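There are structures below to look over.
Here chain A shows up in two complexes: once beside chain B, once beside chain C.
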Partner chain A sequence: MIRNPESTYRILFYFATGGFLIATLFPFYYLAVIALTPRGNLYDVGVTPNGFNPGAFIEIFQIAPLHHFIFNGVVLALLTTAIVLVIASITGYVFGRFEFRGRIPLMLIVLAISYFPPAAFLIPLFEMLTGNLTVFGLSSPDLFNTPGAMVMPFSALFLPLSIFILTTFFSQIPDGLEDAARVEGSTRLGALYRVIMPLSAPGLATAGVLTFIFTYNEFFFSFLMTDGSADSWAPLVWGILQYQTQYGELYNYMAASALVGMIPVAMLVLFAQRHIISGLTQGALKE
Partner chain B sequence: MSDVILEDLSKSYRDVIAVNKINLDIEDGEFVTLVGPSGCGKSTTLEMIAGLTERTSGSITIGDREVSGLPPKHRNIAMVFQNIALFPHLNVYDNVSFGLNIRDYDGAETEKRVERALDIVQLPEMGDRMPEELSGGQRQRVAIARSIVREPDVFLMDEPLANLDAKLRVHMRTELQRLHNQLDTTIIYVTHDQAEAMTMSDRMAVLNEGELQQFAPPLTCYNEPANVFVAGFIGSPSMNLIDGAVDGRAVVTEYFSVDARPVDGLSDGSDIVLGIRPEDVYLSRNTASVGAPSDPVEVVAEVIEPMGDEIFVYLNFEESAEAVMEGQDSVQDVDQLLISVDPDSDIEEGDLIEIVFDRANTHLFDGESGDALSHDLTETSGRES
Partner chain C sequence: MSQESTTPSKYAIHKRLLYRIELLNDTQFAYLLLIPSALVIAVIAIWPLIRTFEMSLHADALLSSDLTGAFVGIENYVEIVTNERSAQMGSPFFDMSQPFKSALIVTFIFTLVSVTFETLIGFGQALVLNKDFRGQRWARTAIILPLAVPIVIQGMIFYLMFQPDIGFIVDPLSNMGLISSTPLANNFDATVIVIVSDVWKTSAFMALLILAGLQSIDRRLYDVAKVAGATRWQQFKRVTLPLVLPVVLIAMLFRTVLAMRVFGLIETVSSCNTVPSLSCMVVSTFSNGLYGTSATIAFITAAIIAVVVGGYILKYRESAVA
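Right after this comes the complex of A and B.
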């Protein structure tokens, strides 16, 4: 028997939330601790920095072109997001607003793609995107070290989820609105762009942000589809690996660059936060 | 500003026929109502005219253009929807100018037209409001402004007043008629409410189960319904329909008989349906105003519904009423008759009363096909359909 349920629940709530926050935020804190510790003291890092060397955040840019790697990552992520949103919008429109034979099986096949581990596709994709595949005498293009080699697999892997999110959102827009737009003079695509997409803004924001974060953080294809130099469109992963030299591992620089590399995603999430929250929760409740 | 011609227009979904060979010839500037119970195909017909639903067969002509195969945007029509369908992310001005923007009208012209349209629906200075800030009636008026701003050939209205409350609905009815007088454009209006259809239209097309029953001015549909369905659907409360048979110069039902002049094609024993409107039944003690009264019939007043300006009385024929009282028969099997009488008629539930029908306003329908045979049972008049 709980004598005072209200305050007990409140204490439990703070306890649980506090525990959760510590578990998620501690890695960030520890990255900061490592980044601030001078290289000579890295053998002995406790819960507080052993020394204070904020210069690491500057030095990382002097040793390697970290900004260039971050730029590459952002461009790749933006390209992928744009491609995914355009294709997923049109697909979501068809799945969400049309009744046709084979709709459900087709949707399940699309979704099934996302069940496969990306590694399963690596060898065929690598062969294809490096120009080693010949079909009917036509050689596939050599996209190694270009954005295409990463943007294409990223888009393919992340399309199913975005299609699902947008299908759900688009199917909830009342038919009358689309009919009204068409009577007023829109084509179907026009109605999608002028009415259905603006009204599904939370869904688009959710799909877009999830795609961006996934792509920006992606390791597997990013690591394998370029040779690792900033000029060959290598993203952040490669930038962090620059501090792994033959003389040793510069953990403080790696930690500092990891923190700096988070900035674009943090900015995006702050910017789109409101939309994402309503996107994730509102889906089922819309008119 | 165009006439609209539907020829053999049909729509079927797999094995269900939603609309079956409808022919309508709607004149320029006419206000035509498609009316019928839900599922009768009236909305489907309208959507086919709009181009939102593909026709299965038949043709649609607006003005002198055959539009059957064209997408909605090339038909020069405007539509007002039951759920109003304002774009919730756009303000009133952008909603009204939506169609003009798509068609690349220049800014000044757009502004002029939107202003005029908002004036016509009496919502000036409301351009920067969002739809959610407006009341139901205001939203519907914005939707109407959106439809008139492009000056279309034809207005299509799909139960535009159905979502409004009763008082507002009556008000908007007159607004729409005012609008029609002002614009003088063809309007095709869909409703399931026969009162709306009666009060607003120049002609009404009564539909049932995908088929056109009658296409005529409202009073013709009321006074001379083409068949049993129209007779029962038009008019409130609805017409009493009683099964009977022809016997010489009379029509005989289970409880009474009425003198009737012979009708071509009917012989003794032919099944017919007798149709009598509640307002054409009178108490036999005040029959002075009735031109051709029938023989009096004894009935029991079972339920009385005072409406203020009139009283609806549900009557049971005497024999069956006794049967009910003796508990030999279930209530459902009893033929009931609804009449309307003056509010000062002194009738109580359970009273035994005598009624007469006005034979000049009694309808006769074929027992099998339901088609109208005669709208007047007296000898003198030759009103036959």
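Right after this comes the complex of A and C.
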């Protein structure tokens, strides 16, 4: 017999919130426990660290230039985000605001690109980006071990998502605003840059933040398009794997480097969380 | 001097160009704007796919230094789906008698189970985070945080958790007989662990998208429902669910496509030999230099995703539009 449905509901609510928080945060806690346990004690570790060795967070930088790998990852993600936003905003504007012949087939092509596993792009892109492709007697530039070799495949992978976010976003800006600007004597391109682009800032921010996060987190091309050294622009993936392959199984270093490697994207989520949600709320996924 | 003579003419060209653009009809203007994007997409996405497709019609080059061998038409496709390439792939494509070893079944199990749980948990998280309470901002950040975890770190976490001897998770579970003592090397256990780690991370992605959907529901609808005497359950069923369903369906579609391409997570948590997804097969044949077979599996994967997405759109078109 439930006497007071409101308070029962409140209790249920706090139980659910607590449960979700514990389930979400537990893996991070587990990482911290492993990272803080001295290497000699890394067996049957309980719910608290088996000893206390915060020095692991410093030692990881002595073994491998983790900061350099993180820096590479951030630069690659920024470059990719810039390219993706430029292309996706123009494409999204066209798809979102024009009714023209061939619109649906073109959108389906963009959607279909996202069906392919990254591996489907690998061989030709590898050929092209290592300078082994010859078109009309000109060979392609050798970009292996440079940012270009990763930024191009990253852009191909993450463009469809941004194009779809921005298409829905642009389609929701009222036609009246653009028409008014045109009547006021603004040119087509003027209306695009003075009216549409400023209004779409929240959508651009959302698409940008998501692209940055996905690129920083990417595995496949990050792993295959460099030789794995920090000087060859190898991103985070290689930084973390240093502790797994080269030096045996240094579990506490693996855990510590995993926590450190997350910092850039964790900060981004912390500060941009509200903007991502409002950007998605204002447009993006509404039909 | 030369500055003065060129500036006006440059300006004139500029003006004439703008005027030309004004004269275009919508279709022409749309295509004009699409030219730069189309060029980039053609070079980094469409051309590679066409090239890969061409390779999928050629035999593997086993002896020569070329990438692929002779033209064989659809022979690669036929041999892969009839399990005649199991030896090269390391696992059969489809074999009911060993479901956790065949690529197609593993991929489907992974996708179905993880997307289902992600949607349910993400929905629950979004409902909780949509309420106003003290510390709501921190709770939101915490619950959305896994979204930002790089795949290699996500894999590392679950690799460390289920590594026997280190932690406190494997022993109790294996003593209860729920998992084997080396779960990451067991087909079934490793598949479950990969699914759990995927659910942990991507529930956050679902929660984010569904929360955005919940936020855009007009609050006044709830006031109307309350005045009409609706209970909380009725409010959820009659107001929340129908209005947020399109967002949920789009989010599920997105996740389905990504889940069917799973690779990096498997490679970092367990290994492609233990949990052989379709993308794993693409990579393992690629690493062995079997480029024809590798290209073919990539295209089969895309075709399967296309069929699933197509079926999905057909089935849910009405509820997504309504």
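Basically, the second predicted complex is superposed on the first by the 259 of 287 C-alpha atoms of A that agree within 3 Å, B and C clash if a C-alpha of one lies under 4 Å from a C-alpha of the other, contacts with A are read in each partner's own complex, and residues count from 1 in each chain.
The definition used in the following text is that a contact is a pair of C-beta atoms (placed from the backbone, for glycine too) under 8 Å apart; a residue touches a chain by one contact, two chains touch by 3 or more.
Given the structure is predicted, the values throughout are model-derived calculations rather than measurements.
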First (chain B), second (chain C), both or neither touched by A:Pro147: neither
First (chain B), second (chain C), both or neither touched by A:Gly96: neither
First (chain B), second (chain C), both or neither touched by A:Ala180: first
Which of chain B and chain C A:Leu199 touches, first, second, both or neither: first
Touching partner for A:Ala266 - first (chain B), second (chain C), both, neither: second
Chain B versus chain C, judged by how many residues of chain A each one touches: C
Common interface positions of chain A, toward chain B and toward chain C: 187
Chain B-facing residues of chain A, complex: 174, 176-177, 179-187, 190, 194-195, 198-199
Touching residues on chain B, where the partner in the complex is chain A: 50-52, 71-73, 77-79, 81-89, 98-99, 102-103, 146, 150, 156
Interface residues, chain C side, partner chain A - complex: 18, 21-22, 26-27, 29-31, 33-34, 36-37, 40-41, 44-49, 51-52, 55, 67, 121, 124-125, 128, 131, 133, 137, 139-153, 156-158, 160-161, 163, 165-168, 171, 200, 204, 208-209, 211-213, 215-216, 231-232, 246-247, 250-251, 254, 257, 261, 263-265, 267-268, 278-279, 282-283, 286, 291, 294-295, 298-299, 301-302, 305-306, 309, 320-321
Complex contacts: residues of chain A adjacent to chain C: 5, 9, 13, 16-17, 20-21, 23-25, 27-28, 30-31, 34, 42-47, 83, 87-88, 90-91, 93-94, 98-103, 106, 109-125, 128, 152-153, 155-156, 159, 161, 187-189, 213, 216-220, 223, 236-237, 240-241, 244, 251, 254-255, 258, 261-262, 265-266, 268-270, 273-274, 276-278, 280-282, 284-287
